[in-house]
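What follows is subunit A paired twice: with subunit B in the first complex and subunit C in the second.
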Partner chain A sequence: MDKSGSAEADATALTDRPSLQKILEHFKDCSDMTRRSFSSCGVEAVYFTFLAGNDELLRDLVLPFADADPQEAASVLYRPPYCTVETLGECIEGILNGHAAIFLEDRAWLADVARSVGRKIEQSETETVIAGPHDGFVENWTENLAVIRRRLKSAKLKTVMLSVGEVSKTKVVLLYLDGIANPALVDRMTRRVESIEIDGVYDANMFVQLIDENPNSVFPQFMTTERPDAVTSKLLGGRIACIVDGSPSVFSTPTSFFDFFASPDDYYQRWLLGTALRMLRILGFLITICFTAFYVAITTFHYEMIPHTMLLNLTESRSKVPFPPLIEALLMETTIELLREAGARLPTKIGQTIGIVGGIVIGQAAVQAGFTSNILIIAVATSAIASFVIPSYIMSASLRLIRFGLIILAGILGNLGLMMGIALVIIQLAGITNLGASYLTPVAPANLADAIDTFVRGPFYALRKRPSIAQSPNPVKVKMKK
Partner chain B sequence: MRSRAAGKLSRFLALLLALLMLMMTGCSDQRIIEKIGFIRTIGLQAAAEDEGEEEEEENTGKIKVTISIPKTKEQDVIVYSTVSKTIRQAIKVFDLQNDRKIVNGQLRQIVFDTALSRKGIWKYLDTLMRDGSVGNRVHVVIAEGDLNHMLSRNFEQSGPAGEYIDNLLRTERRMGDVPDSNLYTFLRDYKDDGIEPSASILKETGNSLIVNGIALFQEDRYVGKIDAEEKIYFGMLLGNIRAGDMFLDYPDKDFVSEDSTLMRFNSSRKLKVLSVGGGAQPPKEKISLKLTGTLLEYNGGLDLESTAERHQLEDEIEKFVQLKCEAVLATMKELKSDAIGVGQHVRNAMPYAAWKRLDWPEEFARSQIEVHVDVHIKSFGKLQ
Partner chain C sequence: MTEKLNVFHIALLIYMIELDITIFSLSRVVAENIGTNGWVGVILLSAAALVNIWMYRAVYVVGKGRSVHEIAETVVPRALLIPCYMALSLFWIAVGALVGKNFITLYQMLSFRSTSEIMIFLFYCVLIYCLLVKDLYSIVKATTVFFLITFALNILAPYFSRDWSLTRFTTSFFQGTEKGHSLAGWTEVFIVNIGYELCMFLFPYVDRKSKLFKGVVAGHLLNTSVQLLVVFIAFGFFSFQQLQVMEYPVLNTLEYFEFPFINRIDNLIYCVFLFPNLVSSVMFCYAALATMRRVFPKAKPKLLERGIAVVLFGAGCVSIALNPFGNLLNNAYYLETILAFLIPALLIPAAYRMRRKERSAGHEESGSG
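After this line comes the complex of A and B, so read on.
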């Protein structure tokens, strides 16, 4: 990492004892910094105006020191909530985190006067469930940690506080359950987070890309979620969770590909229904990557595969279209993606208008104008809908991208191309690792105990073990008899 | 550093080459659905001596090929017809006329007229079997009457002949009494020892087509047929029937009843070789049939509510079915066509070398086959 001379000078000075002069020098030109002097007792306080809350200032600064004499002030400062700081670095960090630095004679203290900011806990927009808890994570890490602590009332829930970003100093908290998570993995994760050298981190979904083992893969490798119940279950499964300050997403690791197809909902339904939903999602996964490509392959090369009656309708519908199926399909898929992207960028109210306009244009006019065949509309719409069945937005976006590759291969080589494409996807999936664990667990390495909690959602008496991917030293989770 | 850069360049070039190869293959092999005309029916006739512009002797050994291609509107078909030596040659001629490339992949039936099928049909089926795009379930049909007229007609039932034949045969087969006669079964029975292939016979009537019996073959030559009224008995002798209907019209003299209908019956066949014969001794086989069904139509002197009289009726049906089956067997023996596969059982009962020496069609013609029928009437309707 390249450091400028002044930064080095800062670094050597950080171990010095803190003083008002040095602090003011350090925060030179920060006009939102407030310096308050209490003349009656000689106390000087420095803090960032907008990080501090009025009530906190009143409680911790104004009331104790406004009319105090120096002896009183000193005795107050040696009691909580004030804590002494010995180095300049600590002091600066405290001020940046919204604390007030208090100076009396040659000693310095910090008092937490930060006001709580950010939105209240509310329902997650991207991951909704019908049955089950409705709270979602927020941007504030303390809130998120508290939500998890409230769910796991155990001293075994350990936290490792780290900070990432040379400038942003973003708080990153690793959570794990002692005795359930594998300590080697915790070490490895800690080292990996500490090795990040970047100026700033803004979101967990960005953060995970910094610690990916396969940064060029199209697939997301760390499972991020906005749901506390999902993180709780991951922690109990022996995985490591990680909160990144400023992000409502919390990620967990090690992750397998199939984790992205599970929703907390599955565990709140009866197991048969949960199983049906899991299978529906896997079907949705196959449809979303293959369906349009399959249409292109059979209309371009494999007319024998189409049932006779359907072939006549299809031919009639296709005969008005001037483009070959490949171009036709790419056009429609691009249109759908445009529509989806527009809907995601626009405010909800205008978004609905887009939906209606898109529905009419794509649904009817395109076919009547001889732009596409109506069966392609069905294929494209079905694969778009199927892509939204996948609970993880990030995964669903990746799969939509893969679809384009498969369509092109199918348009060039037919079913052979489609199969080649699927083989490439599988090769790619098999090559990915996450914290050293195979991405395709429990398919490869095969594991029956994991499979009954992956492709089906087995009844709870059957889900006796924690997932093997976590390499937990304490693998049994259900001790009940049937 | 240089070698790494060169390695990168060559990797890039290899990728580009792979991409180009990918892009360029396949294009020539495209069959975009609206740019092809797919044959639904192929009709083959022996070429008439006076047909065609060529001199008369040119036509001997030639066939008249008729194909029907459905248009996008379901009720329309294009029918082409020409005289040529093989199907492929004919399709080349049709390709010159048609605006779309003619392909075989949606073929549903191949129809032979009786004159050509008497000469042997294997070489035409062989052409189709070699084509990977032709499915195994293409129906093999023998048509009585004018094939050209039949294929170019529109029928009230389901429009063009091709679709009608397809639906008709599939429905009939589901009833269980017409054996499936498609490319696969024909090939299987043709190549197998101890069984001859069979096929459905269709005939034009005033406003429809009718299944007019079962064609019997020697090797691939059509030699004779089983009449439509008797095809149910042929079905029983051939294998199991799952849900057949049978009308029994008892001849007066030996029977108490006039007529009855056995509905939704199922039958199972057991064939036992009693003696493989040899020398002057004819082979002896026993076929046991077991029929269970519902009696829904009855005219006659028996009281169905009485168990004893019902058993008497069962006996009558057994006797009647046995007579009919024996008649069917007699027809087959006369034609020397073992379409029900008695020979397979005989073959299994003797050493293969002995079987190879045997002239099975002749042995079949003189073999003594007993038929034993067991009928059980499950119920006789809701009216007491």
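After this line comes the complex of A and C, so read on.
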């Protein structure tokens, strides 16, 4: 039989009436499947052993049917929580989701005996906060949806349930606020998710790469977060959020480049403090991509830019180093990246030790051995620290990669190379769109109202409108006056 | 492209196209050709450019927003237009190349004397290609960010106030020119405005809400104000005689900066001027691309862009090899100035003729209907 013929046959089979034999045939060789027979009433049940919970099995399967006669069993099955299933496909999907399929005579029912798997709600490790709520998303989509619902107690919070992955059948839930989110964007996003053709999806950060409009760009194009308060604020801003089952990250769209520099903390502090933090992060962004490259440009080509007072120290520091500044900087940046990666992969306590050994011992030894100059150590360390100021880990990683490109260009063409690198980054950013919206909003297209909530964290009375990038049909969010 | 440009974007784009390498020598050119208090001349020449912009507005209004190519093609046979299109495209690519080449040559005067100019120009061409393959809206978005970086440099202007003196302006006007007043001399100053004429390629990307010509005028006036700032600083900072012998007075003024943590930021600031030069080159190449698309309407995507990048690189290499220190750009800008006035002068009657043709076609249709 050809492929289309086989698919057609499968489709026909899935619409058939379910039966125990067909289910056992479908799941043959699945040794973790359990078949349980209750001889007194003739009830047969099948379920996946490790998806089912003991308490649930006892409550919905063992106690009702263990000593029941056929008439009792039939009357029990027509009451909640048992649901009749009419097709084989429905029955298979239920079993895969942890339900037990129950058969009596020629009819089938499903009972939800799934045990809750995964960890309990706890604080996100990648997005820690000092002030504000400490709960984070977990891998279970139902928990994630529940924490959002708990924050937005409104019937306007709508959900679109989708399934992605031909094999994994991962549950994907789109969330939006009716009347606040742009319906055209919701449709567009739904269509895009439905157009995904892949065997499996395991995480939201992987999922977003399947719906990127610019898949070859180094920049993340969807804002992913592990914090429910951040998602709530995005939903209220008119954006669409998306939960991917099995992932502790939830993403929102449309996203601007500058969204990655905002943290929910900004809103939990006085606006002046929030503004200072945002500016600090933008400064951190500039330092992380330019500082080492600028050092390389100056020490390779533009010594005249160094004031006399600093020149002696710098010359002395560089005099023992056998490499040109470009190689020296690349070596040190690579070492820092090795330390960071090693620290991230190791348990926390060993990771801290690696940081101390690498940062202090190797750094000190490298300078004493004449391997590198101490001023470069300062530049590289400052760049690395500045990269961690950026709240989004994915954006911070992208910027670290860009830094290498800028260092190389600065090593070849000095300041001009650095500017050419910056121009390339800007050109790349200008070409990115997210659900058709410009990635550079609110700079290009310029929007002053959005800028008040981007580069500064304006006082709440000034943040009257939802972000223009969301194209909300109901743009006013704050009605109170000063 | 569904998005339309708005007045703000248009203003920034025109500002960035007009601002290029010529601003560095503007004060000397003004001192040589207009004389004392040459800033008045800068205002007069800016007004002349406004008249030219008004001519493009007439083309837009009479042509009902049609692209300049459509207007030309309704009155001139395509066979005659194709050689013109090719010649204009090559010329605009050459202008783009010369802007880049002059920028790089000047950079080599500051640093990198021993580095191959062709290698630096290759990097420049790569940047242009990266921008050119994007749509106009993306070019405009990049231009907006470039503008913010470049325009921020104006905050350095008050640094000169300590040594700036109004007495250096003298009380005489238009005196002390090297060769007296001539059309060629004033044109040499006028070329600093060149770039606004590329607004004719924005017609397909605007609608009534875009307020195209308000944007063009605003961008041009913003550029004029920057020119005036540059001329004011130079005329009050250096003596008139000094200005006439300085090749690039802006660079000399930048050398004056000295901060406790950094010296000689002229080099760094000059590098920031990569952005406006890049926008100028890209938009001239974009003009060539829009024109070449009329010649090769079925060309594969990115093929024309690649061709333009290769020709751009070739043109730059030829000018570097044949005329490393000569100022071909000025000659190219003279020709561009003539074209800037000639094209609307030809297109306005063409647009009227197109309207008449359409009206008579409309009458025929209604008659037959």
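The rule is short, and it goes like this: the second predicted complex is superposed on the first by the 471 of 482 C-alpha atoms of A that agree within 3 Å, B and C clash if a C-alpha of one lies under 4 Å from a C-alpha of the other, contacts with A are read in each partner's own complex, and residues count from 1 in each chain.
Throughout what follows, a contact is a pair of C-beta atoms (placed from the backbone, for glycine too) under 8 Å apart; a residue touches a chain by one contact, two chains touch by 3 or more.
The model shown is predicted, which means the values in this text are computed figures rather than measured ones.
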Checklist entry - Once the shared chain is lined up, is A:418 touching subunit B (first), subunit C (second), both, or neither of them? => result second
Item to check | Touching partner for A:312 - first (subunit B), second (subunit C), both, neither | outcome: first
Checklist entry - Touching A:324, do we find subunit B (first), subunit C (second), both, or neither? => result first
Checklist entry - Which partner does A:401 reach: the first (subunit B), the second (subunit C), both, or neither? => result neither
Checklist entry - Should A:344 be classified as contacting the first partner (subunit B), the second (subunit C), both, or neither? => result neither
Checklist entry - Looking at the overlay, does A:444 come into contact with subunit B only (first), subunit C only (second), both, or neither? => result second
Checklist entry - For A:299, is the partner it touches subunit B (first), subunit C (second), both, or none of the two (neither)? => result first
Checklist entry - Which subunit A residues lie in the overlap of the subunit B contact set and the subunit C contact set? => result 301-302, 304, 306, 413-414, 417
Checklist entry - Which of the residues in subunit C end up touching subunit A in this complex? => result 6, 8-9, 107, 111-112, 115, 120, 123-124, 127, 130-131, 134, 138-146, 148, 259-265, 267-268, 271-272, 274-275, 278
Checklist entry - Considering the complex alone, what residue numbers of subunit A touch subunit B? => result 299-304, 306, 308-309, 311-312, 314-316, 318-319, 321, 324-325, 409, 412-414, 417
Next on the checklist: Under the stated contact criterion, what part of subunit A meets subunit C in this complex?
Outcome noted: 301-302, 304-307, 310, 413-420, 423-424, 426-431, 438, 440, 443-446
Checklist entry - Along subunit B, where are the residues that touch subunit A in the complex? => result 22-23, 25-27, 29-34, 36, 38, 40, 70, 72-74, 103, 105-106, 108, 133, 135, 163, 166
